[in-house]
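Chain naming follows the written order as A, B and C, and within any one chain the residues start at number 1.
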Amino acid sequence: MAVKENILAHKGVWVFAEQREGNLLNVGLELLGEGRKIADKLGVELTAVLLGHRIEALAGRLIKYGADRVIYAEHELLATYTTDAYTGVICELINERKPEIMLLGATSTGRDLAPRISARIHTGLTADCTKLDLDLENRRLIQTLPTFGDNLMATIITPNHRPQMATVRPGVMERAPYDEKREGIIEKIKPELSQEHIRARVVKTIKGGKAQVKLEEAKIIVSGGRGVKGPEGFKLIKELAEKLGGVVGASRAAVDEGWIDKAHLVGQTGKTVRPDLYIACGISGAIQHLAGMKESKCIVAINKDKNAPIFKIADYGIVGDLYEIIPALISELDNTKNN
Amino acid sequence: MNIIVCIKQVPDTNEAKIDPVRGTLIREGLPSIINPDDRNALEEALRIKDEMEGVKVTAISMGPPQAEIALVEALAMGADEAILLTDRALAGSDTLATSTALSAVIRYIGDFDLIFCGRQAIDGETAHVGPQIAEHLNIPQITCVEELKIEGRRVIAKRALEDGYFIVEAEMPLLLTAAKELNQPRYPSIKGIFEGFKGDRIKIVSPNDVNCDVTTVGLEGSPTRVVETFPPPIKSRDLEMLEGSPAEQARQLLQRLREEKIV
Amino acid sequence: MDFLLTREQEMVRTVMRKFAENEVKPIAAEIDESGRFPRETVKKMARYNMLGIPFPKEYGGAGGDDISYVIAVEEISKVCAATGVILSAHTSLASWPIYKYGTEEQKQKYLVPLAKGEKLGAFALTEPNAGTDAAAQQTTAVLKGDNYMLNGRKIFVTNGGQADIYIVFAMTDRSRKHKGISAFIVEKDFPGFSIGKIENKMGIRASATTELILEDCVVPRENILGKEGEGFKIAMASLDGGRIGIAAQALGIAEGAFEETVKYVKEREQFGKPLAKFQGLQWMIADMATDIEAAKLLVYKAAMHKQKGLSYTKEAAMAKLFAANTAMDVTTKCVQLHGGYGYIKDYPVERMMRDAKITEIYEGTSQVMQMVIAANILR
């Protein structure tokens, strides 16, 4: 079958190793971890594709994290991501070398780049995968992803087109351990690029400055209630929220006491939220509050009173003083970050 | 200036219920809405129309005949024209096939300076179709736009990253995908609703009409196949109390949350 | 016979619901508490032609129909009955009489800005001694040269002080009793026009209800609506339509309270199970749902009569009588199902129960509705 031949003409697993300002993103390493497993099962090479300018050192690291080969495309116009330059370089490489699988992180870059590549190459692409499996017999990547507002999981394949492309949600796959002794091939290429190739130009990069995430859209909320005891305590709540990349919520009691603005109110008279993680600190769990947050995917309750109703709907409970627990959480987060 | 806005009619996933046995979406009684990000896309086009002379906004969509309602709504918000691409042959299109079909409609319209899409749809959540259309039409793209300025033929956009922004510049023609933060979409006007339903304000076209090869769209033209859908594993709410010193409790909690990929 | 809404009406419902949820609901408790008139909401409604739904486009309206208008009042009232009555009084009692009885000049001058929502309208009939007995008007209008001089005091004027244009009723010929009443279009800036007391109400607190004082108020002769002596007829015809609006408001209040309560009884657990699992409470839920559905059919039917040009006096009265009764009954039960929580302001049913009461009173009490219905049957 012609299709089959076409498929067999494609070999190898590719991972896009995204860098920003000369630093590798974690998701690239996670993809190497996952890609390593897939490549081993298929019995093929795992290649990391790295684009940038004066970042040779990163190529070596990618080998240590599991790549057999690194294709490092070096050009000053690749220092910062642009759709046109990156799409052009990667598509040429794919057409030339024909990988069977290409994984990208579902980052702002990956989700801009991957569909553009898939359309140019004319192949299938799945978005924001949380699980990858293999149908070894057909050399098919079994891609599973949440869809319909996380109400449904879907499993998708790309049977007759190669490479099989997927973007993968950051933080989901395990990165492979760093192996100082690992060796591999680093191929440096110098693509021909000029300013005219880049039709959408990045003229400035702004760090931070993101508008405060709305409570309703936040993935993580750390909320405080009467047990916070004062406006000072909300600084602690805020610190934890920021460390987790979340936002601050509050119960009616805390808002009524004037410890925090009403904009943060969660519950019957405030916002209804459904974050992935809701940490209720010093909140007893009155029905008015529960009405606004009980649909949260994971609820953590921290309260001095072990009989507080909040524990009834929590997944994890800590009986204790939030003034001890929150600092402990913050320092634990700092520790793991530094390692 | 001619602006084309791509609109998708989607089931309102906030109201979604899943058949626990078959693992499929219960479509009955599920309201159909304009995809929320597409509203932002349309709003931006209409804002430009409000602020500049001689702007024409055309809303296009691909979908079943009922998707006409979404286009009526677009007209009621202020779009000048609307085109619906509909045909049985389009059923089962994945993102690549959809972008192929919509690109055909855009080529059929011919004249355009800007194309707006929503960043992503709430059903598929792929964010593929915008960039794929841009590729088919061989025009530049700026995705996830939170702010937009137009200076003559030049577009200056603030594109959102995880931890900041790129300021991106490009010349028309160009495709942009709108983030929620871009604007606050207007409502359809009541007058617009009654006018939108009148006569044949929505042009219905088939792939043939827009020179779209039916083998490149629909199931046949789709490289991907959905093998199965199933409900996400339901996590039972079993309370686990974490014991020990505050430091131990903190460590245990973060360990659990990491295992569950929550943090 | 068709109980299904048209596609236009369905979309009007969707848009109104979203508008109500996003723009009206978030401030409903605040404006109830403070009694603040929501000018910003009026402005937003104007932008989307919500203040001129049933009027033709050539008069600045949306070119919609009466059912769509009813749907708009209903959806707004689900989340805020005060905002609902602002819309209803403006449309049915101020704009409609000009549309129906006004000269072309009056329509261009007054209906167009009203329907566009550039101006807000009000209706001034009730007086301290002329409530249900509306014919006992003491306000007088005397023609002097090219102007009428109006003197008197109106009370309970919805949108009073906030409106720009008032339909004011006054005696031009006391000897002819109710046939001596005339209607006038009065601008708030006419000399001798002023707003008196602002009422502090039990419910619909964010709607303005005021006294209106006319002291040698100078109204140009051309501002008489209809002919001299037609005022009572105009008032009664306007109230027929107004009652459909109030019936829609009452329906909305009942539906809003019911939706909140359905949510609550599924959430609230006592004796280890949600309230929704208690059969006695299920019966209440079933009865309420049935009453609401019946009210809805009456309200839509009255609007349909109006839309089709059929007589609707009796239908409007039945719709208002039943819907108001349903609103009061349903909100009372909803507060009951909330228990103690229903009595505090954290839950909207507390406000809804207070708001419901007025629907049994204004634009004709329930007893007047019964009189109207009986009179129509027994004549």
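FYI, a residue touches a chain if its C-beta (ideal position, glycine included) is under 8 Å from a C-beta of that chain, and two chains touch if they have at least 3 such contacts.
From a predicted model like this one, the values you see are computed outputs, not experimental measurements.
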**Request:** Would you mind checking which chain's C-alpha centre is most distant from the centre of subunit B?
**Result:** C
**Message:** Please identify the chain lying most centrally, where each chain is represented by the average of its Cα atoms.
**Reply:** B
**Message:** From the mean C-alpha coordinate of subunit A to that of subunit C, what's the distance rounded to whole Å?
**Reply:** 53
**Message:** So the centre of each chain is just the mean of its C-alpha atoms; given that, what is the distance between subunit B and subunit C in Å?
**Reply:** 40
**Prompt:** Where the centres are mean C-alpha positions, what is the separation of subunit A from subunit B, in Å?
**Reply:** 21
**Request:** Report the residues of subunit A in contact with subunit C in the complex, numbered from low to high.
**Result:** 252, 268-269, 287-288, 290-291, 294
**Message:** Under the definition above, what is the set of subunit B residues touching subunit A in their complex?
**Reply:** 11, 13-14, 16-18, 23-25, 94-96, 99, 122-132, 134-136, 139-144, 156, 158-171, 174, 181, 222-232, 235, 237-242, 246-247, 249-251, 253-254, 256-257, 260-263
**Request:** Provide the residue numbers of subunit C that touch subunit B in the complex, in ascending order.
**Result:** 7-8, 11-12, 14-15, 18-19, 47-50, 53, 57, 61-64, 68, 72
**Asked** How about subunit A: which of its residues touch subunit B in the complex?
**Response** 80, 83-84, 87, 107-109, 111-112, 114-116, 118-120, 122-128, 142, 146-161, 171-172, 199-211, 220, 244, 276-277, 297-300, 311-321, 324-325, 327-329, 331-333, 336
**Message:** Could you list, by residue number, the parts of subunit B that touch subunit C in their complex?
**Reply:** 31, 69, 72-73, 76, 186-195, 197
